[in-house]
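Alright, structures below, take your time with them.
One chain, chain A, links the two complexes that follow: it is found with chain B in the first and with chain C in the second.
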Partner chain A sequence: MENKAIKVENLTFRYPDAESDTLKNISFELDYGEVLGIIGPNGAGKTTLAMALKGLIPHTVDGEIQGKIIVDGKDVLKHDISEQVLNSGLVFQDPEGQLSQMSVEEEVAFGLGNIGVPRAEMVKRIEKALQTVGLAGFEKRSPLALSGGQQQRLAIASVMAMEPSIMMMDEPTTMLDPVGKNEVFKVLKSLKEKGMTGVIIEHEIERLTMYCDKILVLHEGESILFGTPKEIFSDLMLLKKFKLRGPQVTEVAYEVFNDKEQIPVVLDEAVQSFSKELKA
Partner chain B sequence: MNSMYVQGNSFLHQLDPRTKILFVFSIILFVFLFYDPMFQFLVTVSLLPIVFLSGLTTPYLKTVKFMFLLVFLIITVHGLYNPMGDVTKVTWQLTENLSFKHDALIYGAVMSFRILSIGTATLLFVMSTHPSDLANALVKWKVPHAVAFMILSTFQLIPIIGREAKVIMEAQQARCLDVKANMIQRVKHLIPLFAPLFITSFMRVHQMSQVLECRGFSSTGPKTSLREMTIGFRDYAFLTAIALFALAAITLRAVVGGTLLPITDFVLMSALIGIWIVCSIYFFDFLWKSVRKKVV
Partner chain C sequence: MSAFLRVENLTHIYPGKIKALESINLEIGEGEVVAVLGRNGSGKTTLVKHFNGLLKPTKGNVWIGDMNAKKHSVAKLSAKVGYVFQNSNHQTFLPSVEQELRYGCENIGLDEETIQERVERVTELFQLEDILETNPFDLNSTQRKEVGMASILAIEPKVIVLDEPTTGQDHAGSERIKEVITMLKEQGHIVILVTHDMQLVGELDCRVVVISNGKKLADGAAREVFKDKAMLKEASLEPPQVMTLAEQLTSFGVNDHVLTVEEMIKEYKRVKKLDINKQLQTS
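Entry: the complex of A and B
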């Protein structure tokens, strides 16, 4: 039980003056090294859940909260956010709104300075973080002069440099153009290969199935499904009921194959299944 | 870069921001110790070599013209209309009823050169100091971390809000808001422009506060910075020089008084005409550029 990265028990949350609960009785667990994808229609409570996991709820946003959230072994409700900086980091949706410094390197250094990382170590970490997100060589530029995709990668680098155990991202690609999305997903892929533990809220289901080990489906504040992408997306009828769709390959395969067991969720799998089917 | 900082590697650039802040304060002290246009003029002129040596001549000349507009108005209007001192002592009779009075001109000249010298010193500071260094310097002076951040974030926030204002303006124009209407209409139209701007700005700041929390802004304990700042030999040398000057100035003030040399009409006329000439140079430069833009 101690070695779970995230453990949420019966989490219920209501914003002040709201008529109903935004999050209703949510429970799930995530192991270290796993990436959790959270999907759901707008207004399902995805961002609220991310803010609760990071501790912005209840520490900066008021509301009634019940239940238990343990992230990286720390009780989120009891510790202030500043004590959880090393446990979890959150990347927000709006790339520009996250940047506050005069140059790229200072942006990354800002968080490190706040937690008192010595300068020599700081320089090393900045170099490493910018390398990982592919922004090496941009150190002296103004963050405002970057493209949306670059800004979001910079935001990821700034969080990453603080080396939190768990990275959380709240729709990191929603406000980006296709090129920017690709850039960010490339970074996510390399983070995944390095064994990142993470939580990603995202609308692009095809991408999520590639990067995530677990998927949580939210609908009107309730967690309706939780499991591996395969488990979740093979039950397309249930998803349809909640106005969600599966990955494109799954949708096609669902119409073609009779054997529901062999339905693929990612492209490579689909290519295999289809070629097998065609040969037969 | 949104600030007035000009990159460089001169003596002034290498000084610690704290030294430069003290330098600006000492200039302010000098010019307010004395009530003598000659002295104020000398202070201003003595700053010019520093401008040149710091490689800031072009940006300085570009910025200082706005100060000259102010100075031009001050010395002219005060000289003509300020009723202070002996009104009968006339320096330059223009028409029967309009003349530059001696005492009023002294006041105008002193004020003008005070503005110029303080302005020059401040510009030197702003143009040679990176905003992040300024913030760090303030933190070293025990200014709260949050206040230093506020100062720094204005550099970032102002262009963002400017961009947002443009978007809102265009959006409202697309909804038939007439921005070319008459004056009164336009003032009324400020509401649909500013209300959304305020709201988005507040939302942005709110989100920024959450981002800062996530980056450990409110974590207690020592903070570090990427930018290195050390007060070195050159800082001490510079500060010593300033201190010596200040000492000399204070002694002089105590012994001689606020006015060092008798102020003649010639001095006042040179100040007035000098400022007029510089202003007209700037004015004709401006005219020449706008005409050329029209022609080309």
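Entry: the complex of A and C
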């Protein structure tokens, strides 16, 4: 049997006392080394799905769960979260909710201490993680004295330092400027090059399309579409029906090109295909 | 007549001698929408916090109408300048949405009839009818953001500062915020946005002020300012994706003035049509 990084089968979840299911019969698979982007309107169940992949649901958040989730070879429902720390890491949407320590370096050290990384190795990992997210020099600062964007990057560094097989991030760039956003996506890309698998929830379609191998579209708890960015955005009309948009270049091409099979989804590709059309 | 909001030679130095703003001059008139752009830590938020007196100038002055912001309290200025925080959690604290909406109005001493009128108006605007009794902390991030905005709009301040209004919003949420901004502009309010959302700026087709390292790097219409590539690079800004596309197609006669998807579609059709006409003439 082929080894998958993530395998979700008929996942259904309902919060206690809720009137309906937040996740409805979701199934998808992701290979090792792939980056998955999850999109959908607010309230679609994106964060709930991330919490289920991490095992926070059902181990710390109650509810009725059905189906199967295998992450990095482990059956998430059957193993406690503490047994899964090296399999997957999750960066929360609100970094303030994740930071707990007195200084930036202690914050990164916290998770490492929990998994028993020796001191010498810990120092190395802290340095590397802070370097990667552009927070070198901030070691002694209080996490609470950082800007929203810096907190967001610290939260990423703390999870990254633990070197989980699968890195999951819930809207990790909302407070970052374009440079900071690119940095996060570059981190994701470099992790990918090292064979790490990524899952990212994001509203910014243009960047997502550039860096993701697969996209999962959620709407009211259901998986509407799953495929490569090209497959997803070639059906722009369907996305619009669910109040989503495509990358700007895709929206233009969809309107003016006759051949809907040739719709570009990233900028470089768009420059080429528009040039070709204008030359014709 | 001078502009309603005036920033004169504003310098701000934080404790520890950190210079956050240096000699900023700015005039913003009624009905203007201005997007303040720049990197994290460039001084954008420091600048706008002077408008409602949350920060006081180290040097220079900020005028709100005939009020010198240096000489008035936040409480006094808040009737003229409303500030919607980036993180709505920092702004909401009352146990129900309705109380949250009333709070600012009560603070500036409005009578009960006016308060009810205003709460009703913003409730309708953001369609909050069904959640008036709900605790703001039980709402999702989109709704909480809208409650944050509604509670400020209820005060009807002349100037409205929106700190990252579209952050974490889905497409539908962003569209609604854009509509509200356009409505406020038409009503003669001054709307000041602190944002990284270049698509929003493009669609609003508004004035932009670029801040980098505490200094004003550029000030003008987005369409013009975004043409200055060297400046954008210095400020670490990226124009909307369609503008970059247009720029790379100028050799085909495409005008790089486009700010939105709609404008790019029009521009492409125009160039394509010229092309066909040319072919017809030569054949």
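Methods note: the second predicted complex is superposed on the first by the 256 of 280 C-alpha atoms of A that agree within 3 Å, B and C clash if a C-alpha of one lies under 4 Å from a C-alpha of the other, contacts with A are read in each partner's own complex, and residues count from 1 in each chain.
Just so it is clear, contacts are C-beta pairs under 8 Å (C-beta built on N, C-alpha and C of every residue); 3 or more make two chains touch, one makes a residue touch a chain.
All values derive from a computational prediction rather than experimental measurement.
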item: Partner chain(s) touched by A:Lys241 [first = chain B, second = chain C, both, neither]; value: neither
item: Chain B versus chain C as contact partner of A:Leu90, first or second or both or neither; value: first
item: Partner chain in contact with A:Met162 - chain B first, chain C second, else both or neither; value: first
item: Which of chain B and chain C A:Pro178 touches, first, second, both or neither; value: second
item: Contacts of A:Arg119 with chain B and chain C, given as first, second, both or neither; value: first
item: First, second, both or neither for A:Lys276, with chain B first and chain C second; value: neither
item: Partner chain(s) touched by A:Lys78 [first = chain B, second = chain C, both, neither]; value: neither
item: Partner chain in contact with A:Glu105 - chain B first, chain C second, else both or neither; value: first
item: Touched partner set for A:Lys189, first chain B, second chain C, both or neither; value: neither
item: Common ground on chain A, meaning residues reached by chain C in one complex and by chain B in the other; value: none
item: Residues of chain B touching chain A in the complex; value: 1-3, 130-132, 149, 152-153, 155-156, 159-160, 204, 207-228
item: Chain A residues within the chain B interface of the complex; value: 51, 54, 56, 59-60, 80-83, 85, 89-90, 92, 94, 96-103, 105-106, 109-119, 122-123, 126, 142-144, 158-159, 162
item: Chain A-touching residues of chain C, taken from the complex the two chains share; value: 38-41, 86-87, 140-142, 164, 167-173, 196, 198-199, 236-238, 240-242, 244-245, 248-249, 252, 254, 261, 264-265, 268-269, 271-272, 275
item: Contacting residues of chain A [partner chain C, same complex]; value: 40-43, 93, 147-150, 171, 174-181, 203, 206, 243-245, 247-249, 251-252, 255-256, 267, 270-271, 274-275, 277-279
